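My structure is below; once you've seen it, I'll send some questions.
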Amino acid sequence: MIEAASILKKIVEALKDLINETNIDFSETGISLQAMDSSHIALCNLLLRDDGFKTYRSDRTMTLGVNLSSLSKLLKCAGNDDEVRIFTDDDADQLNFSFESANKERVSEFTLKLMDIDADAVDIPEMDYQAVIDMSSSEFSRIIRDLGSVGEAVMIDATKQGVKFSSAGDAGKGSILLKHQKSVDGDSALATSIEINEPVSHSLALKFLSNFAKAAPLADRVSIHMIEDAPVMFEFKISEIGHIRYYLAPQIDDDE
Amino acid sequence: MIEAASILKKIVEALKDLINETNIDFSETGISLQAMDSSHIALCNLLLRDDGFKTYRSDRTMTLGVNLSSLSKLLKCAGNDDEVRIFTDDDADQLNFSFESANKERVSEFTLKLMDIDADAVDIPEMDYQAVIDMSSSEFSRIIRDLGSVGEAVMIDATKQGVKFSSAGDAGKGSILLKHQKSVDGDSALATSIEINEPVSHSLALKFLSNFAKAAPLADRVSIHMIEDAPVMFEFKISEIGHIRYYLAPQIDDDE
Amino acid sequence: MIEAASILKKIVEALKDLINETNIDFSETGISLQAMDSSHIALCNLLLRDDGFKTYRSDRTMTLGVNLSSLSKLLKCAGNDDEVRIFTDDDADQLNFSFESANKERVSEFTLKLMDIDADAVDIPEMDYQAVIDMSSSEFSRIIRDLGSVGEAVMIDATKQGVKFSSAGDAGKGSILLKHQKSVDGDSALATSIEINEPVSHSLALKFLSNFAKAAPLADRVSIHMIEDAPVMFEFKISEIGHIRYYLAPQIDDDE
């Protein structure tokens, strides 16, 4: 399979601080990954469809265990516009990468040792969410960074009128309100739209949200899916070829 | 009172490394602050006049104790072009901030807990200084940074001809001479002008000067006011609305 | 002698992490320096010819011992376009520097204390190298940086077809191949040219190569000179006026 290096780098950057080692599944229809963070609180799901690659072939389903921090270092050796080829043998204990510059004068080859990772498959039931917030991913990043200087948990309140992110800590408290709006000054990229059946609010651990925000370079928008008594789901779509989804269980605290 | 966020951020950045907690006085005529650094060697004075704000109202004189490092974090959550509103109640134990984006679609609200700070008022007598050096604030920053790699004290020598900053340390010594000049290549922004009755020189602790230099983003010019046997005063004017002044007692050392 | 500050800064940056203290020789024909790193594995040679300076005069041969990290700090106090003057007296225990801005309004003077350094002169025999690789110095830097995330040694294999840099470590291995080519898309700056009698390969400690790569800002090209059973030589030419050469003994390891 072949792909430009920059998108692969961004995907690994969005995962590596949450998940250290993970199995990646290669099947006929594409690449997928499902893993919990080391504290078993957040869950992450990656999907890259086969038709998103210039060439993709996987003769049978394979599960390869990789260390994401080693993979991140390896991908940093690719130029952003290099053509990337990833391949492995049938009885593979390593994954091979080649990076070729546009002018073909420079070819790098790297191999990553694979590992046996014992991980239970986690089934995620499809949910009928009460509220779906669709907003700018960079605005999401900024809010999480800003509230990070206030407290350790973020309350997300979704109503028909808008969505409010708030936090409290020793030095004071803070909140940011985004109004429901189809577009801002005719620019829909900045708009925040909220589809809602009934108001819902959840308190979430900020350190996980900071990790999720690292997917912002992959997608202009993030959608936040909420329902009572179930994890909140954050979805970043990766252009036409797939998505990263993060699931995080709400905190049960006094504010709720 | 309402003001653009960027100038408030710069003011707090210019103070927070010198002073951790301080009382701020709000009166009918504006906002002021006077505080010593924690080692009780340097003194800092801030004045912001009421007419510098779009709207300013203080029905009575209030003294509010704030932690400047918490305030700095809070202000970082404001966009540089956000309109800032600061307000408090009569029996306040907190100071409230609202930041509103230009398009009104985003409203953040933050509160800062106030504290009781026991600080003696310090009276600063007006002085008839022997020498006043008016120079570029970025040149001042650069000189302090450069001499920081040489020694721990800076000698400032003012004469009719110019001002010399010098320092000595284990590895050698260094000095920078700026000549008295109305303008440099017709550009008065770079000029250094010296009004002087009689030559004066003082040795000052470099670590405080480094702190004072953090006010350079607030003002194009700094004026250095010197007189024998009294603290040196560094004044940074904040556009039309006020100033930050730092006072530092000279070191008594062998060079003097 | 007088020279623009920026090139002097770059020279000291290229040396200071490898060599802490060194003697510098001033003679009628120019300035030179030869020193081993503190672990006595790598050797560095600097030459600056007298005609490379606007003015250069050295009445007799002098050997001055300097601390390069102090010299680096001192040179950071020079503006990049300042005219630099370096001078010393006959019975000197210090080296004097003056930096003058283009408009003459700012004159800085610094002195560096000299030290007695006991160093054996090292003679480097001229070699008839088997292979000479001439390549872009920024490409060299990038390869060393990339392989730094893989292992601790770099194998350089030179053949008629090209040069391959490779490394291996716990997480996997990597290699970069540059093909022999007079120019790339008509641009000779990117080309890699290899003059070779017979293939040669050496394994070198990556940490030294990282140090050598700090000379890349001084020169667009680096030439790598290899021969069996002798140190590899890396040469960076400093415009028309001289060079920095690094010598590094190959590692004897299993791969070789």
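Brief remarks on what is shown
Chains here go by letter, A, B and C, matching the order in which they are written, and residues are numbered from 1 within each.
The working rule: a contact is a pair of C-beta atoms (placed from the backbone, for glycine too) under 8 Å apart; a residue touches a chain by one contact, two chains touch by 3 or more.
The model shown is predicted, which means the values in this text are computed figures rather than measured ones.
Interchain contacts join each chain to each other chain, per the touch definition above.
Remark: rotation between chain A and chain C after Cα superposition is 120° (nearest 5). Judged by shared residue numbers over all numbers used at their interface, chain A and chain B contact each other through mostly different positions, with under half in common. Rounded to whole angstrom units, the spacing between the C-alpha centres of chain A and chain B is 44.
Within chain B, not a single residue touches two or more of the remaining chains.
Chain B contributes residues 67, 70, 73-74, 76-77, 94, 103, 105-113 to its touches with chain A in the complex. Of all the residues in chain A, the ones that touch chain B in their complex are 139, 146-147, 149-150, 170-179, 181, 184-185, 190, 192.
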